[in-house]
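Worksheet: one structure, shown below.
Per-chain numbering from 1; labels A, B, C, D, E, F, G and H assigned in written order.
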């Protein structure tokens, strides 16, 4: 029940077409979203430029492709993360314009596009093994109409590689830093830029990296201010949060 | 050596006032910041509205108050977190306008002020015991000239308390969510708003909260997109990051 | 030795057919269950409506199907959790009425049925990936003759989905809440209802969910009173405990 | 706004004393509890026999006693857990009938009493050091008008001590099992009774008990069905949940 | 009811002084220990040479000294571990022959003595800081009438110190190895002797010793066969278990 | 160089057949075992009744069978733990009398036998899934010429099953208790018997059993005295240690 | 841009062939390494005797062999760790002199050789299962032109095996100690030698070794001074660090 | 028994002054160090320039000062780490030239001095709070006659501070890197230098630093080769190991 419907109800009470008791009953029983709290619904609703996102890991081929179809039917952009080529082959039969990024394991279907955002999201990664997660972040942000610049393989063991890009990094609106092993890159980037930094620990490493725990703890303890952290390997989450931050910028006129 | 100085050096080479060998030597030996990479220095430099921040825990009274004096001498705003009343009594003798927030354990000295930012940072906390950390976030952001609105004691065990504020929350540029115990508030707020959410786990809880670990893990695993996390009890970090995000918004014109 | 046998022994002492010393010896040596402590045995005994439960994980096909046969021979209901289709194919040859639930991985054989319980057990789950565990809880309770109502995919990131069911939930006798990732649903449901809540953490999640540890800790630290917790993915345990609770209600007349 | 107030509002709309637009505005703005979703509020509201509960740890004397006064002013029963004698001395000046339990560290103020529940809650503890937590559970349940029977110091190292009470335990509606160290008592009691068992791990132990972690994990892994677990040392939570379970029984007539 | 009382009961049945039904009732209701299952009771009962043991940590002075008095009243040997001098001063007033070992923090009262056991228990410790735990083991075993030989400060960083005693060690019936830090001593001793080795990890260490966890894990993973482990700092447990092992030897004749 | 060889060397020094300097050189260079410290070598040496033990996990078929051959060539008993049928098929071709225990995954080759020990080792296990580990313990002890009695599937959820065997258990020289999940059985057995108890945690369980950690911690924290613990799933270690303990008994005459 | 190029640039400025502004631009844009900060680059650069190292785990066959080709093209020695035979077969087609070490899983291609270092690196390992890691260390060091001596299977359970080599060990410049399970070997070797010791925990073990955590913690807590630790299974890291240490020795003349 | 004494013994055998049997007995019983394995003893022995080290934490004043006296009596340098001013006051009465470093909590007594080593040990620390540990490393190395250069407060959040010293760092023989929080400095320094790097995690930090665990894991996972790690806060260990490494250099001539 939205504001308009609520008004209609009250008017029929006023007009005597509806008794007070019936109105009380209807008001108490109505779902919350009917009260017009549409925003509560936003994560599932289709809003301009926000893709529907399907997390494919652990879903059967049938299940995942059916969800993909349903999402696509709305005319929205669709993003399927942790997807396999098998799934893509299936999806591709129905959606000829869908694309598959082998590194990021993402299927994307772009059905509409808005003007790109102002401000650039920098995606910085430590090693080539972190690329899968970094690319997941990049594609997520791009599907949400953000400009993205990538700086890969600039880990701290060769600090000059990173410093060579310091001016470009300083021009970004948001920086996403993707690193496994000791995760030190987040702190170094955090010290170079004055935009918000989203750190993504990856499970890249062995032995006492304990599946990304070492990088996660390091990033949470970053000595650089302005660094926030998402879950291990959660490139999607970082891309999504960076987009929200950059939208803040673009929403200023509003 | 900034760009101007570099130009001067090259001109004296051109003019023959400086030999090529001497120039090579000077160029190779010069500190990086002299090359004009001023931004590298930004965390320590004094920039309009960014306070100097002193983390007092573990510092002696003498040490902490001396640092405070040195920071204040620059004419900047100064923020001392995890401070004691003893330290404040000492600081107050030298800096009559310094203020002490007993809940947040913060000493603040405001020596200059800029026009407040556009956009509001919402600070949301779960229980009254989380106030210390929430207040640390609030004061940090305010010292950096942000507008802050607080929503305290709105934990998920009485979800209606939070929902009553949902429209206000949806108007914020950034939301900081402070919660201990099971940290569920971050996910619920993340589902209500579409601005970036910074989650701060607190060490409030007992038994299997393991000093905030339960809330930290919960927040990292939030099912709501757009949530990023800072260290346990790190209200300062959340306030700082939220300010960077909101500045993104305000920097648009730039 | 049951009460009757004990009486016989004492009578033969009285009659002099048995010496006192021999009786002392026999009394000291007899197994405890012979003393009539039948209740000690209850978990293994066959009582009306309690199914025999076989945990299949790690058991060979031969082993599991043999146990199934033995249980079925008693005429009882039989429940085999964590079962495979292979096992079902085998079991089905002997027990034509056995059924297999593909989602919950449960084989059930109903050989007798009592009138359904009063009171309803609500099974609430956060995401579609939690279904396996939620269904395990549902089927367990139903095999023990409970009425169950399910509320699936009502995770806290879209809180209105849950709130839309709040009145139904408030009518339940017991609520089982199944959630992975950050496990926040348990706290929110715990704040909505005033019946006992059994929280089941699932291993759904990735990165720092550490196989369900994040959800487990969150649920143990729930800020809502009245929440108790079972092991990770233990849908059976939750269904069993919820049944015991609801039986408490139905046993009132006794 | 309760149902009555809602009716009044609708009647003034009907009567034309209030415009439809004003009514829309008021309806959308009102706090949820005013819509009559009273149950949402139940944890904070005062209902017959449920005490207001104050968790005192980490609260200042001033703070804690002020909350106590405010709770007591409603005429409700009040329960203050993890309280000190100092706090009691303060509280006692205002509330002459308040009582202090030195072992459980609980202040209780009983201002009204209902007929005791049917069914008995058994509180079973392993060692004398677990008494504080066990007593917290007992007093919590009793303040909520439950009948409680206690079986203390019946740990599994001398199993006969427990078995001597097995018949009494089997007569309970709910059993609360409080144990530190290896927490084995929960499994043994779970095997003896067929009512729901709430296990409370305590931080009693040393070395590799890791503050109650050993007992917590043991209880979560109990081989006995029907056992659910609350947080370490959370006697209050166990007493509260047990009461909810026993109320299930007593609410049958409803 | 012990064997004698049981016999009396049966005799009164025989004599007709007691009816069979009354006897059945009494037999079923009597506590298990009354049936003469004395062994069930053994940990609490007083048997030749086994001291009553009181774990004092966390017990009040009043409580601890009262328990001591009660134990002593039985004429048994009494052992109070983790005791303070304050407690000893109190105990000493009542029990003039009680002794206090300042290193081990043990109060011991010897009221009877049997011939010492055959076979020697070797107590080996790595560093001087491990002495408290090693002495707790030694005194425990001696109070249970065992012969003990001690080899202290023979840690593996100076392996020759240990090797110098290898022949003596090889003559022991049981070896208790007490070590903190990396706990390597257990493996080395386990490789030198062919008697059972009980390893006691201590909380001695810092940083990544995590309160004895490092030594505990090391000892559990010992590459030497025949090593078993007790809880961190549990010198009493090691002394007790070693005594049971050595009694095995001495009970051969039985 | 054994004592005899040492004597010969000294005699040739005495006789002048060997110079003092040469003797010094030989004495300093000789391997330690040559000095007659034969016991240092005992774990690798062949002593009556001690089998050579090969841990097969992670060894290639070629490697494992080659080691087996080498061990067998000494005429000793050989024990290969964690073995596969493939390995057995290979071994069996060379050693026709070798046997394979499918449950325990052990290959054993008995080439000599001594009179069985006095005293019985009781192997007690909680559930059928613990059999593999329990059987590993049993076979290990039997290969070392011990008498073993087994009590399987007597977990604490049905305590009467265990109590029915209490007298037999009390007659054992050593008890090995094998249990996964919550590991409570060790404490209960520890309370029933007064012989040494070796607890073996198993990785049986799921969710928060964390691969046997729950059982391991529980056993280390056992409230029953006289319980020591070996590594998770280390049936061999328990069987070996129990044998050493029982040998203590049998060595008394020596 | 190296020093020579820098000089050329400055000379063209001097000569007027290049404007000052252009030179400023070029100087600010040039990669850092061009400024002659060659050392910053050292890990990636080709220096005499340092092989290029490729960590193959998780890299596709195509990817890994392409990197190998690129490295080899520089004429340097190449080392590929955690390699498979499949990769080797591929690499071998292009590089006929490449060698594969099956135990260490290393492909090595030696294209140039310098005189061997002074001083010997001792590689000591506890058990045969630790060989893979030990060999990785040995080959790494040898490819960097170090002399290596190996002492394998000298674990502490048979301490005499190690002691037999003590004089040789004492002659080493650096010792690498490789051990899994309880990792005690590092402390014992640390106590025998007075050269630096690098300890490498391995994931060899089971149960509570937790993938090498037990050995890692033990080594970090070593009671022997002079022991430092690398990551679990990181044989390469140990070989690399040992080489750096031994180069320190050889660089003395410099 | 050293080589000389051994020779004397053999000569008296030769001369018949000692029987062969007596010699056998003496040879088998003699402590190992008497065989001339003097190096085994080195950690406790007094060698030129190696101070005696006393770890004071947990030692009583009496105990610690007595050990200090005994060490000093040998004429050696003495180092007491984790010392208090109280201890120093006591020590100072006996040893007028002893010095106390308030930051490092070290008492040092220099009684002899050798020519300083060649090569410099660089001690690099991240923040001012890491000074205590860094100073412990510096003083340890200096007492062992090493040249030390310190670079404090050069954490990665302001990377230019570190880079300004890169040339000096590159000249060091060994680098000790001391850092808490995320420990990233070790990786960055490891990438700048080509000498061995010893990383010391400190317990500086809060929340998810878990007492230094975050820094420890980060350092173990360093992406820079050549980094080895010591225990949390173990400045002494780092200083000691660095000295051993630098001695390698100085021992070349030998």
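Rule of thumb we're sticking to: a contact is a pair of C-beta atoms (placed from the backbone, for glycine too) under 8 Å apart; a residue touches a chain by one contact, two chains touch by 3 or more.
For clarity, every value in this text was computed on a predicted model and none was experimentally measured.
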| item | value |
| --- | --- |
| Matching chain pair for E-G (criterion: over half of the contact pairs shared, by residue number), options B-C, B-D or A-C | B-C |
| Rounded Å distance between chain D and chain G, as computed from the means of their C-alpha atoms | 60 |
| Chain D and chain E: spacing of chain centres that average the CA atoms, whole Å | 39 |
| Whole-Å gap separating chain D and chain F, where each centre is the average of the chain's CA atoms | 50 |
| Residue list for chain G, restricted to those that touch at least two other chains | 37, 40, 43, 157-159, 163, 191-192, 207-209, 213, 216, 220-221, 224-225, 231-232 |
| Pairs of chains in contact (touch as defined earlier), listed by label | A-B, A-C, A-D, A-G, A-H, B-C, B-D, B-G, B-H, C-D, C-E, C-F, D-E, D-F, E-F, E-G, E-H, F-G, F-H, G-H |
| Chain F residues within the chain C interface of the complex | 129, 157-160, 163-164, 167, 204, 206-209 |
| For the chain G and chain H complex, residues of the former touching the latter | 37, 39-40, 42-43, 53, 118-119, 166, 170, 173-174, 191-196, 198, 216, 220-221, 224-232, 236-238, 240-241, 244-246, 248-252 |
| Interface residues, chain E side, partner chain D - complex | 31-33, 37, 40-41, 43-44, 57-59, 201, 203, 212-213, 216, 231-234 |
| For the chain F and chain H complex, residues of the former touching the latter | 3, 6-7, 10-11, 13-14, 16, 20-21, 23-24, 27-28, 35-37 |
| Of chain D, residues touching chain F in the complex | 126-127, 155-159, 163, 181-184, 186-188, 190-192, 205, 207-210, 213-215, 217-225 |
